[in-house]
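Lettered A, B and C in written order, each chain numbered from 1.
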């Protein structure tokens, strides 16, 4: 994978965005750039502000301060229906009074494509999500997985610049969820559209994303590639949220030649590469070590 | 990346209004949308309910001068409404009948609501539907048919005579306050059953089991848990029945005879034949004031002594 | 369930059935007298006839009253449903200052004695010098029907999954377009139920019509006039029977649409 970096052109530029609901601060000045064609995840426990951020990008709410640019254009005052983003809702929000094809064609009407072209694009979108031939099905006759695919097709058929996914897999059972993780990733590669995924499931984020923003309490605690997050979490909180880990209290004995020598009570002295040590490791400091490689001990 | 010192600016410096301020900023455009949306029905109610009610109050201080209204302020109408023997009698009787109707309706309704909430099993919706159906048939005719049932040669008398229970037709059934109470209790039944049912079905079954587990028998459990928790429904039912029945016109007119006439009949006469709208208005305002204070007193008593959960 | 609770259930059921008989007693008499071959409404019954119905057929005044009532009922149903949609939409979707008192005020006619509503409107109309007509009746009926429309539509709007409307906006539809393409179709059963209920209430309403109608009587006002004449009563019973059937048909239709509304707007749950 040669995708994890910030060199791409930013398609979504989030600049010091803050948002409160009543006296609850949902976002406390969040900044991040999401690159073009990137699979970007907002990961965090419920209430951390990740869904709020997604809804601000979609245009369902306006930030109290700060701004969001999409493809270089400021979005302040632009309503959701005029933004080049589309969303897959947590509930999928499949229109119950329309069949599958009508659902997928919903947003195409404004483009005035003509009946043939609309039909062609709908069929194409349905084929893309493996639902070819399901067009005439009533939406109430769909399984959870099928609903999710319809929601995807309905959003992708409009060729948005950014596809927003709000916990799209949370309603599925475990097996289907794992299958869809792979499939979503494949789909994203195939269409080349930027995906922004909101999830509270660390495995899901680690498997699918190019980069992940881990959020706590309305702030981004760490924004990095899955690899970096896993190997070098910046704090104990991030580490414990990312995975099942062991924590050791350790004292740094010395740093030399790219190695850090530490002393872990009860285990003795261990040398680890400096690249894997938590930031700020210096001789004489007591600190906590939590990393995947420490598990090898 | 994220700086802690970047919350929405200046919001905390508002002193006393800090609690309200973020709310209004959140709902800023939402509040406007909501008010815009609600304005057609609200303005309609203001123009056709609030304004007319104010008008009634105003007019009650005026005097009818044959075909025109004398707009000088006077309390004469109220003096007449409160001192005239007949008016006082009708007012007291209206309240008394309404209280009887309320008590009868709520007492009769409670077991039904209880049955539907706890013992109707899967046919709750059917029972509720069956209870509301008669309410949708012509009110006038329902009242009139009670006259047929309660009359001298009515269904009830013929039935009772047929069973050999009475020798002569009962005469206390029709053309008096009893008939009014029975008929109104019938007409308002669904309005009493539904709120009580809602309150009962909201009760957490766990609480009932807890009471039983803590040693309450069925009766204590009912008196100490079920009844207090269903009081909001009972209060709502009582008010929903009491307030409108005071002003009922059709029932006293059809089945009340002269002993069963109520205040609404008098008000109608003032606006009609007697052509004394100010006196009619004064009677209407007085009736509403009395009913209103009864309702408030009732709610206060309930809150004070029954401590029903809000 | 214990034996005691079962016994209690049996007693309650017996009571409930008795209560239903009490509730239905007057209604059940209607068909008896409507088809009773007698000039008076009294027992004993005298055999079967349909002649009371043919009397109705030959009474032009009645036909006018029916027409008046239909006119008032249809107008009331439309207006109160539109107002109900506004109020229900506002309360289900928006938070705004004064929401509770405003909605409470709109619901107020539900607990006011109808004679107060009637008298108040009469006073204002007379003061404004407006002539009483079928439209003045409509004004009053809309006032008392809007709370019912609101109650029905509010649950329809509350059941509507908000993300459906957001999805529509997200897919590029405007707010107005969303209302017509998503919101309205999904609450349509509620709208129809509201129309039917408001129509039924208006059709049956007497006091307000009695006070506010001019020279054109509505059906209940006409019936009120007939109740004074003993000779007219059998045909009034026949008329009542027709009304009963009609009300029941409307009520069943309204119930059907209300349930469909529940299913449709709440239809998000099942994955099957």
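In this section, a residue touches a chain if its C-beta (ideal position, glycine included) is under 8 Å from a C-beta of that chain, and two chains touch if they have at least 3 such contacts.
As the structure is a prediction and not an experimental result, all values here were calculated from the model.
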Number of steps on the shortest touching-chain route linking subunit A and subunit C: 1
Chain whose Cα centroid lies at the greatest distance from that of subunit A: B
Identity of the most central chain, Cα criterion: C
Rounded Å distance between subunit A and subunit C, as computed from the means of their C-alpha atoms: 51
Computed distance of Cα centres, subunit C from subunit B, in Å: 18
Cα-centroid distance, subunit A relative to subunit B, in whole angstrom: 55
Residues of subunit C that touch subunit B when the two form their complex: 4-5, 8-9, 12-13, 15-16, 19-20, 22-27, 29-30, 33, 41-44, 82-84, 86-87, 89-91, 93-97, 99, 102-103, 105-106, 108-109, 111-117, 119-124, 126-127, 139-140, 142-143, 146, 150, 200, 204, 206-207, 211, 220, 223-224, 227, 236-237, 240, 243-244, 247-248, 250-251, 255
List of subunit C residues in touch with subunit A within their complex: 161, 163-164, 166-175, 181-182, 185-186, 264-265, 267-268, 270-272
Subunit C-facing residues of subunit A, complex: 58-60, 79-82, 85-87, 89-91, 93, 95-97, 106-107, 109-110, 140, 142-144, 147, 154-155, 158, 171
Subunit C contact footprint on subunit B (complex, rising order): 24, 27, 30-35, 37-42, 44-45, 48-53, 55-56, 59, 108, 111-112, 114-116, 119, 127, 129-131, 133-134, 136-142, 144-146, 148-149, 151, 153-155, 158, 186, 189, 218, 239-240, 243-250, 254, 264, 267-268, 271, 277, 280-281, 284, 288
